[in-house]
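Two complexes are shown next, each including chain A; its partner changes from chain B in the first to chain C in the second.
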Partner chain A sequence: MVVMIGLANGMISQMINNGTGLVTGQIQIHSPQYLPDRSVYETLGSHPNDVESLLGIIERDPAVIAAAPRVFGGGLVSSGAATFPAILMGIDPAREVEVSRIAVMKEGRLPLTGSNEIALGSTLMDWLETNLNDELVLVAPAADGSLGNDLFTVVGIMESGIPEIDGSYVLLPIDVLQSLIALQPMRIHEIVAHIDDPWDAQLATDRISIELQRDGYAVDVAAWTSLRPELREYAQLASGTQWILAVIVFSMAIFGVANTMIMATFERRREFALMLALGAAPSGIIRSVLSEAFALGLLSLAAGVVLTFPILVWWHHFPLDLSAVFGGFEIVGTFVKPVLKTEYPWAMIFFTAFALLLTVVTAALYPAVRAARLAPADVLTGR
Partner chain B sequence: MSYTSPAGNFDMPRLLKFVVATIACACFAAPSAQGQTAREIVDRVDQLLRGRSSTGSIRMDIVTEHWSRTLEMRIWSLGTEYSLIRLTAPVRDAGMTTLKAGDDIWNYLPRVDRAIRVPPSLMGSSWMGSHFTNDDLVKESRIIDDYDIEIAFEGLRNGVEVWEFVLTPKPEAAVVWGSIVEEVRQNDMMPLWANYYDEDGNLARTITFSNFTMMGDRLVPALMTVQPVDKPEESTSISYEDLQFDIDITEDFFSLRQLRGGS
Partner chain C sequence: MTHNTDTSVKTEGVWKIFQTDGLSIEAVRDVSLVIGAGEFVVLAGPSGSGKTTLLNLLGGLSHPTKGRVWIADTDITDMSERELARMRLERIGFVFQAYNLLPVLSAKENAEFPLLLRGVAEEERERLVSELFEKIGIGGLEHRRPSKLSGGQQQRVAVARAVIGKPALVLADEPTANLDREASRALLDLMVTLNRDLGVTFVFATHDNELMERAGRLIHLVDGEISSDNKQVLR
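What follows is the complex of A and B.
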């Protein structure tokens, strides 16, 4: 059961890492009015050094590995007679690769700062029937009411496995997008922070929020758990299901162990009768049976650890990737590979160890009481 | 992930429709036929639009929460199938041109010297942040095919004899408005205002017509102002500087070559 839950946790962990690591990140910082409408006017950075200062404060948090600024715009990408709507995402290439997998190219490279270069999702590339080094037109409504438009060279192709991402995202240098949509160079829409353990995001969010407020920044800091509630709810549902399963398994185990202990004490009733006849107290008999059960439980636990722990460690460090056979699948908007990787379910490990011992002792209680109530004369005379 | 843009999505069709609507207004100026029913009046206006050509100069003033700008443009149209709009000001946008030929909409961007085709999914958005919807721009059907038309009021209002028409969509009609109410002056058949209601019956926007001026051989409302109800501080006004009707123009004019070239 521990291995099974370890595998399930591995799958959930992969889902959360993929879901937050692709674009969302584990923590986002916006203008308080930016979400949910994502208005181009709701920006961070009212002073020239604000963004650098914000990045510095965020990266000082011990949980944060890296942070990156972003600018977003809606527009059209066109090649020949083919034109499609697109989400234009302005990135700092050097920082973005540290915080998201969308910046990891399947082919080519990320656009360079200051150049009219773009990277597209593979689906969008197919729709536009374009290739690396081809020239495309981007058109985007600008913040001053005009219509930004320019020519760009395709230098990278990304592939996330999520059709909505691969068919809509266009990455370009943040300064170039700011120029295209007439946004001042100091203004950005989002800062994304990457942390190692997604479940630490809320604590880190609280810390960063306090720090930013202390420095006078009126910004909104949000963890992935509020940005992607469906991911959090799915993980909580899966976790809850595991606990229910554990309770069912141990409830059934109680009856099995109790049956075994009843048979074992029945076979030893003459021994218990003799002990009682020689003056042993009934409570001593109960303690004896319970101690034996506890000892058996410890032995079982040791056997379980010996059998389970190597598998947990093995599949944790050398996961079995079945994606070549089964491909991948999508869970709540996140691409997940069928990889048999275990995560150490420490809470469940301690719970099952405790539950195992409690189960055997509880199951042994009734047989112990029965043994303590034996009538020695009747048992020893065979009546 | 969805994004709102300052100027909405890139889309010229709404303007084209509005231009067509303007010509419709001009057609109201045709000699009135006494005793006609509401349906006959509206249908006559609708029919008058077809098979005719026009050209003119327009000034568009757009006021939004974040910016205000003025566009000047030259327009040409042939029936409801063909239209060409070329921006002449501001300088930064001069030369941007939109061509509607049948069901296709193309935009020419002089900065990059490319013409891009507007995808069908974006034909319903605003153009340059103006406040027009393109409900029926790309549709070629007649208004009387989509709407039941009734006279809700007929008589003196504010010292002027007017009709108030109520246009209610037919059940099978693919239109976005729940209903349209329009007031038309009886003596010269000039529209005064039109209110557009959503499907829940809430007023969504108001268009007012004013500055009635003779252009070509017709009286037209030379100024139209669109006011979205949910953003009362915003508006788009279109004023006609000149208009000519039944000009000598053919389908060849509305070509990709013309889109890229000068007028």
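What follows is the complex of A and C.
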């Protein structure tokens, strides 16, 4: 049960990390009017030092590991006669690798700041029939009403496993995209923050929001739980299912243990009858049976820890990747690999230990009461 | 109603009726008797005459269907199981036919069990068990498990357990039934001695002729009723 919960926790954790680690991030900061339309004009950074200042405030939060600025634009990408629509994502390569896996290249490398280099999704590469080091043309509507266009060299290929991303995303240096779409160098559309525990995102969001307001920034700070409600709901559903399963398993265990305890106390009914005949109080018999059950529970717990804890630790540090056999799958827009990785938060371990002890003591209650209510005369005379 | 404080156990119009497969079996029928403190009483009678059932009623191990039972001056008829357990612990010792020692405990641990339930300190328990074991001839066997003792030795441990708390009344159900003649006689001598030296009241249910002959009072039961009740010289 512990291993099963550990694996389910691992799967949920992977799903959240994948769902938030590609593009969404765990916390996003925008201009208040940027979402949902993502207008190119709704930017952060009205003064030259704003972005650095914002990044500094965000990274001061204890939960934040890293933060990165982004600029977005829509456009067309062409190679020869082939042209496809694309989402142009301007990134700071050094910061982006700290906050998202989209910056992890399948082949090649990330584009360098200040250079006309791009990285494309693998599907878009296939559609364009292009390769690394080939040149492509990007055309994008600019903020000043003009049409920006330029020639770029493909230096990287990314593969997220999500067709929508692999077939539409183009990464290029943030300064190059700003120039392409005629955006001032200090203006960005988004800051993404990566935090230690995704489930702490809302708390961190609240803290960051307060800090930014205190410093006079009128910005919108949102956690992944509100940006990706379907992912949050699926994770909560999976988590809830796991608890329901745990309750079912422990309920079944109660009947199993109760049956064993009934048999055990039945075999010892002469002993209990004798103790009652000699003057043991019925409540003393109940305490005795429950204490024995508790002691057995502790032994089972110790045995369970010895047997399962090494598995939990092993599969946490050395997950069993079955994607070579089963491939990957997509759940609510998130690519998930069939990787057997366990997560074992201490709360889960303490809960299961407590549940085990509660199960055996609860299961022993009925047999204990039966033993205490034996009629000593009947049992000792074999009636 | 008042009762003589020298009375160890008393019954008044006691009945015990068992319901089995729709049949009513009258195991004890309208038994009234008074057993004084320090008596050595034998309940005799053929199998099924109600000896063990009456013994269980006297010891508060089962409730009478009708009638009342007193231990000394305390009416135990309507006591709860908890109160009966307390009363048994403080006032009554039991010796059973099949020894009924707890197999996982040593002879000493079996004998001191009532003291343990009373919360007597370990040193005191140790001292009392040691003295009693010497007295009844099983000194040195304190740490043996029941499986490593002979039948006679096991029954002596059972007697030790019955008397160690200095009860006012010891009830013994066929205590010599599983013993050979020699062991049976030795156990009987022991109980007579305890009766004389400690003033403990003994009530036996038995088929054993020698036990009947040596009893101070012999009560015959037939079909759950007292057919005769004779005092005789305790030998």
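Note that the second predicted complex is superposed on the first by the 381 of 383 C-alpha atoms of A that agree within 3 Å, B and C clash if a C-alpha of one lies under 4 Å from a C-alpha of the other, contacts with A are read in each partner's own complex, and residues count from 1 in each chain.
Basically, a contact is a pair of C-beta atoms (placed from the backbone, for glycine too) under 8 Å apart; a residue touches a chain by one contact, two chains touch by 3 or more.
All of these numbers come straight from a predicted model, not from anything done at the bench.
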* Asked: Thinking of the overlay built on chain A, is A:L276 touched by chain B (first), by chain C (second), by both, or by neither?
  -> second
* Of the partners chain B and chain C, which touch A:L380 in the superposed model: first, second, both, neither? -> second
* Identify the partner contact of A:F72: answer first if only chain B is touched, second if only chain C is, both if each is, neither if none is. => first
* Mind working out whether A:G284 is in touch with chain B, chain C, both or neither, as first, second, both or neither? => second
* Pick one for A:A142: touches chain B only (first), chain C only (second), both, or neither. => first
* Structure fact -> The chain contacting more residues of chain A, comparing chain B with chain C, is B
* **Contacts of A:S39 with chain B and chain C, given as first, second, both or neither** => first
* Asked: Quick one: in the complex, what on chain A touches chain C?
  -> 270-271, 274-284, 373, 375-378, 380-381
* Asked: Which of the residues in chain B come into contact with chain A in the complex?
  -> 1-10, 62, 64, 66-69, 92-93, 96, 107, 109, 111-112, 114, 116-119, 121-122, 128-129
* **Contacting residues of chain C [partner chain A, same complex]** => 52-53, 56, 59, 61-62, 81-82, 85-86, 88-90, 92, 94, 96, 100, 102, 113-114, 117, 161
* Structure fact -> So, in the complex, the side of chain A touching chain B is made of residues 37-41, 72-76, 78, 81-85, 87, 137, 139-147, 149-151, 181
